[in-house]
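Scrolling down, you'll hit the structures one after another.
In what follows, chain A forms one complex with chain B and a second complex with chain C.
Coming up: the complex of A and B.
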C-alpha cells in the first residue's frame, strides 16, 4: 500500500489528489483492524485453547469442539436457539407484513396511529424485561386479558418450563414486529401505484393484485426481513438473561447459545469453551447470510 | 438548496380537507374498509398498551401496580414519589451521566468518521479502495456476539477493564454509518467539488465546508439511530462494567429485573423504566422523520 502511495505521489495532480480518499478512509479501516479483525482472528485461536484468564492459554486443538458435542448444556442450547429462531422469525415475518398492509391504508390519524404502534421498538430490552415481568405475573395483565379464552385463574408465564419459551417469543414479537412493519412499509411505498391500478383495471381484486403484483416486487424486502430477524434471533441474549428465572431457566429451556457464551465466558471464565460456542454460532449465522445474499443477488450491495 | 436524498422523496400532499373528502367518498363506496381502519387502530392500541401501563404505573403505589383487575388510571396517585424513591434507591443520576456520555461520544465520532470514510469511498479512486470497502462491509455481517469473548480479552490485556475507554471505544465506529454516508455522498455533484478545488480550497476544507454540511440530513438520521443503539446497548456494557462509577442506565437498572427482596418495588421499577425510556421518547417525538429514515436505511442497508 505504501509503495502504491509513493507511485501516486509521482503522478499527476489529479492522481495525487486521490490519496486524500485513502486518508479519509484510513481511520475507519484502522479502527476495524484493531477492534474487528484482530478479535475475530484471536477468537478463532482462543477456541483452540484452554483459556481461563487466570493462567496462560494452552493449545488443545479441536478438543473444545469435541467436548461441545458431548456437552448436554450446549446441545440443549442448540435446540433452544433453533426453537427461538423459528418461533420468532415465522410469526414476525407474517404479522409484520399484515401490519404493514393495515398501515398502508390511508385514513385520518394514520401517522399518529403508526407512531403508537411503533413505540415498542424504542425502549431498551432491559426496560422491556422489567415491564413484561410485571405484565407476566401469575395474576398480571396478560393473564387477565387472556382469561376469557383460557379460563385460567393464574398463569406462571415465566416459570412454567413449557410456557416460558413461548413467553419469550411473545415479548420478542411485541418489540420487533413494529420495526419490520416499517421495513415492509418502505418496500410497499416504493412500488409505483400505477402497477396496482393496472392490475385492478384488469379485473383483479385487491388480494389478487397484492399476491400477483406487489408481493413478487417485495421479494428483496421479504428476503431481508426473514434474514435479519433470524440472524437477530440467533443472537438472543438480553431478554433471556434478564427475565427468565435463574438466567436461562427454568431447567435451561431459555438457555440460548448467546446466553451460553456469556455463562461459559463470564460466569465460569471458560474462555476457550465460550469462544468455541461463538464460532459455532457464527457458522450458523453465516449460513443464513450466504443464503440471503444468494437470494437477493446484487440487489443489496453494489460496489459502484 | 440541493436536497440530497437517494430514497424517494415524498410528493407534496394535497390539502387536508381535500384528502379527508377523498377518504370519505372512498369509504362510502367501500364501507367495509372502515373495519380494516378500526383493526389498524386496535392493533396500534394493543402494541402501545405495555408502555402505557409502564408510564401510568410509575404513578401508582407498589401494591396497586399488580391490582387485579388492572387499574388503567392510578387511583392512589403518588405524584413524583416513585421517581424520588428511584433516585434514592440507586445512583440514577450517575447512570444517566454515563449513558449520555457514551451515547454522545458514539454519535459524534460515528457521524464524523462515517461521513469522512463514506465521502472517501464515494468520490475518490485510490489503490486498495475495493479491498478497504469490502473489509468495512464485511464487519456488518459479523454479529457482535462473536467478538464478545476475544474483545473482552483484548480490552483486559490493554488494561481497559472497567474504564470509560473500554466501555466506549470498541463500539465507537459503525460500518452501517459508512455505507449510508457513501450512498448520500454519491449524490454530491462533482462540479461543486471541482469548483472549490479551482478556488484553491484544500481537501480537508472541502470536506468540512462543503461535503459535511451537504450530508447534514443523513447525519441527523444516523445520529438519532446511533443514539438509540448506544443508549440501549446492553451486552458489551454488562461485560465491561464492574464499578458504579461507569455504570450505564440499562446495566444499572438490571437490579429491577430479578429483585431478590421479598417485596419487589414494582412502582419504583416502573418509574425507573419510564425515566430510562424518556430520552428516546423525547428524541422520537421531535425527530421522528429522521428516526424513520434512519431505521429504514439501517434496515435496508444494514
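Coming up: the complex of A and C.
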C-alpha cells in the first residue's frame, strides 16, 4: 500500500491525478453500489423467487412474471396507475405553465401571491393528505362549497369508486402545480427579453411570441417537468396509502402499482411478487423517461 | 528472534480468538425480546426484566420496542434476514402465516414454569378457548400478553338527549339495533348525517373477520373453515349479514364507509354507540369526557350461536430458528412476564385471564371486565389462516362491490368465494 503510494509519488502528474481522482470518487461509488446497485440487483433476483419474507427465497425463474399476466390485482393496478399518471401529468404541465406565465407578468402583490401559491409544496404529502381528508368528509367544507352548484348535502369524495381517483388527482395536483410553476418560471426568466421584443417589433402578438419564440426555447424545461412529474406519478403511493378507504379502495380504484408493491411485500408476505411488480414498474418508468429524453434530442433551439 | 516474535503473535491471536468460544459455551444466554410500543407498559416491562435478570444471572435480555405501524414490516424483514427476535409479542392475525412458515416454536411448559401444557390451559379462565388463538393441532405456540374482544360502548348523554335509557334501551339484537340507531341519528336539513346512532367499522379489511364473520357465525354459518382452508361465502347466512350491512348504508342510510372512523366519532361525541373497542378503549373514552355504559354485543333474533365478536390476542411467541438454549430461556422469560396479570391490567390496561386474577375480588368488582370476559368466553378466535390479510382484503373488496359499487350479491358472492379459495389454496401450498 505504502510502496504503491510511494511509486505513485514518482509517477507522472497525469497518473497521480487519475489515481487521486479515483480515490475521491470512491465514496460515491461505494455509496451507489450499496444503496442503489445492490437493492436493484437484489430486487431483480427476488423477483425470480418465491419469497415469503418468513423463510429463505426459493428460485422459481420467471414464474412470478407469468403469474402477473393473469393477476387481477396487478392488471387493475396497471390501469389505475396509468389513469393516475395521465391525470397528474398533462393537467399539471398545462396549469403550472399557465401559472408561471401569470406570475411572470408584473402586477401589484405578485411576490406575496406567488409565495402564497407556493405554500402547498411545503408540508409533507402525508400532512396534505390528512388535511384534505378532513376537507373531503361527506358533509365537509368541500361539499359545502360545492353545494350551491350540486344541491347535494353529502358527497362521498373519497369513497365513491368513480370520484375517489379524481379526488386523489386533485389533491396531488394541488400540491405539485406550484412546484412545477417554479420550474417553468425559472425557464421563462432565462429567456432574454430582447427576443420577445424583437418578435413584437416584427409584428407578432403576445400569443404568437409565446408560441413561436418562448415555447421552443422552453423545451429543456418542458422535458425536465415531463420526466420528473411522470416518474413521481408512476411511483404514487403516499396519498393512496394515507387516505383511500382500506388503503387502495374502494374496490381497488386507488391501488397503484406502488401501493400494490407494499401490499404484496409487507401485508401479504409475497415479496417475490412484490419484487416482480417493482421490476415491471422500473421498466415502465425507464421506457417513458428514455422516450421523453429522446424527444428533447430532436430539433434544438439555442440562445447561442 | 523475528520467528519467535511471529510465533508469539500467532499464539496470542489464537488465544484471543478462542476466548469468545469458551465464554459462549458456559456464559450467559442472550434473549432478544421485541415488544410493541405501548407507553404505559414499557416501564413495567423494564422493571420486570431487571428483576428477571437479577434472578437469572445466566440470562441477558435485550429489550426492544417497535412502533405498532412498523411492527409487521420490521419483524418480517428481520426474520427474512435470518435474525430477528428470539421472543416477540405478536398479534394473532398473522399467526397462521407464521405457523405455516415454521417460524413458531412450541411452548416449553417446564421452562415457562408449568408442569405441562394442560397446566398452562388450566391456569387461565376459559383456557381452552382463550388460548386456542395460539394452538395448532393441539400444540400451544404462545403465552398471552393481552386477550381482547370488542364490547359495546354507549354514550349515556346522547341516549338521554334522545329520550332513551342507555341501560334499558340498549339493543340486544341486531334487529333492535336498527330501531335504536334510527332514534339516535340526527340529520341536518339537507339530509346529511350530523350524528350517527351506530355504525360498523369499515376502514380496515380485518374487520371482515373480526365483526362481519362473527355475525355470520351467530346465524350458524362461517365464511372460513380454518382447518380445511376452505371458504363458504355464497351462503344464506352471509347473504343475511351482507343484506343488513347493505341496507344499513343504502336503504336506512344510518352510516357507511364514507363517514368518520367510528372510534373517533364516538370519542368526539358524534356517535351514540360503538361496538369495536376492547377494554383498552376505556382510558380513551374517559379522557374524552364521555359518560358511558358498557354492554354485550347484540345477537340476531334468530341466532343459532351465542358468540359475540371475534376474540383476538397478542401472544409471546418464540422464534423456532433460535438456538435450543435460547428458546428455553425465552420461554422462561415469557412465563415470568405473564405472571403479573394484575399489574399489567392496572398499569397498561392489558388483560390476561389468569384464574387467580379473574377470580380475585379486585377483578370481580371491576365495572366492565366481567362483561368483556363473558362475551370472550362464548366467542371464537378469528380464523387463524395463512394469507390472513390477503383473504380479508378480498372479503372487503367483495363487500365494497356490493355496498359501494351496487353489484348484485348473486354475482359477487360466488366470485368472492372463488377468490378466497384460490388464495387459501396457494397459501396452503407454500
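Quick notes on this structure:
Note that in this section the second predicted complex is superposed on the first by the 282 of 304 C-alpha atoms of A that agree within 3 Å, B and C clash if a C-alpha of one lies under 4 Å from a C-alpha of the other, contacts with A are read in each partner's own complex, and residues count from 1 in each chain.
We take it that a residue touches a chain if its C-beta (ideal position, glycine included) is under 8 Å from a C-beta of that chain, and two chains touch if they have at least 3 such contacts.
On a predicted model such as this, the values are computed, not experimentally measured, just so you know.
By the touch criterion stated above, A:115 is placed in contact with chain B alone, chain C being left untouched.
Once chain A of one complex is fitted onto chain A of the other, the partner contacts of A:27 are limited to chain B, with no touch recorded for chain C. Contact with chain B, but none with chain C, is seen for A:189 once the two complexes are overlaid on the shared chain. Of the two partner chains placed by superposition, chain B and chain C are both touched by A:271. With both complexes placed on chain A, chain A has more residues touched by B than by the other of chain B and chain C. In the superposition on chain A, A:139 makes contact with both chain B and chain C.
Using the contact criterion defined above for the overlaid structures, shared-chain residue A:53 touches chain B and also reaches chain C.
By the touch criterion defined above, A:102 lies against chain B but remains apart from chain C after alignment on the C-alpha atoms of chain A.
Under the contact criterion defined above, the residues of chain A that touch both chain B in one complex and chain C in the other are 51, 53, 137, 139, 266, 271.
Within the complex formed with chain A, the residues of chain C that make contact are 72-73, 76-77, 79-80, 82, 94, 97-98, 101-103, 188, 190-194, 202-205, 256-260, 387, 389-390, 393, 396-397, 400-401, 404-405, 430. Those residues of chain A whose C-beta lies close enough to touch chain C in the complex are 50-56, 137-139, 143, 147, 152-154, 156, 158-161, 245-246, 249-252, 263, 266-271.
Touching chain B in their complex are the following residues of chain A: 1, 4-5, 8, 17-25, 27-29, 31-32, 35-40, 42-43, 46, 51, 53, 99, 102-103, 105-110, 113-117, 119-127, 129-135, 137, 139-141, 144, 174, 177-179, 182-183, 186, 189-190, 224, 228, 231, 234-235, 237-238, 241-243, 258, 261-262, 265-266, 271, 274-275, 278-279, 281-282, 285-286, 289, 300-301, 303. Contact residues on chain B toward chain A in their complex (touch as defined above): 8, 19-20, 23, 33, 36-37, 39-41, 43-45, 47-48, 50-51, 53-54, 57, 65-66, 68-70, 113-114, 116-117, 119-121, 123-130, 132-133, 135-137, 139, 141-154, 156, 169-170, 172-173, 175, 178, 197, 203, 207, 228, 231-232, 234-235, 238-239, 249-251, 253-254, 256-258, 266, 269-270, 272-273, 276-277, 280-281, 284, 288, 292, 295-296, 299-302.
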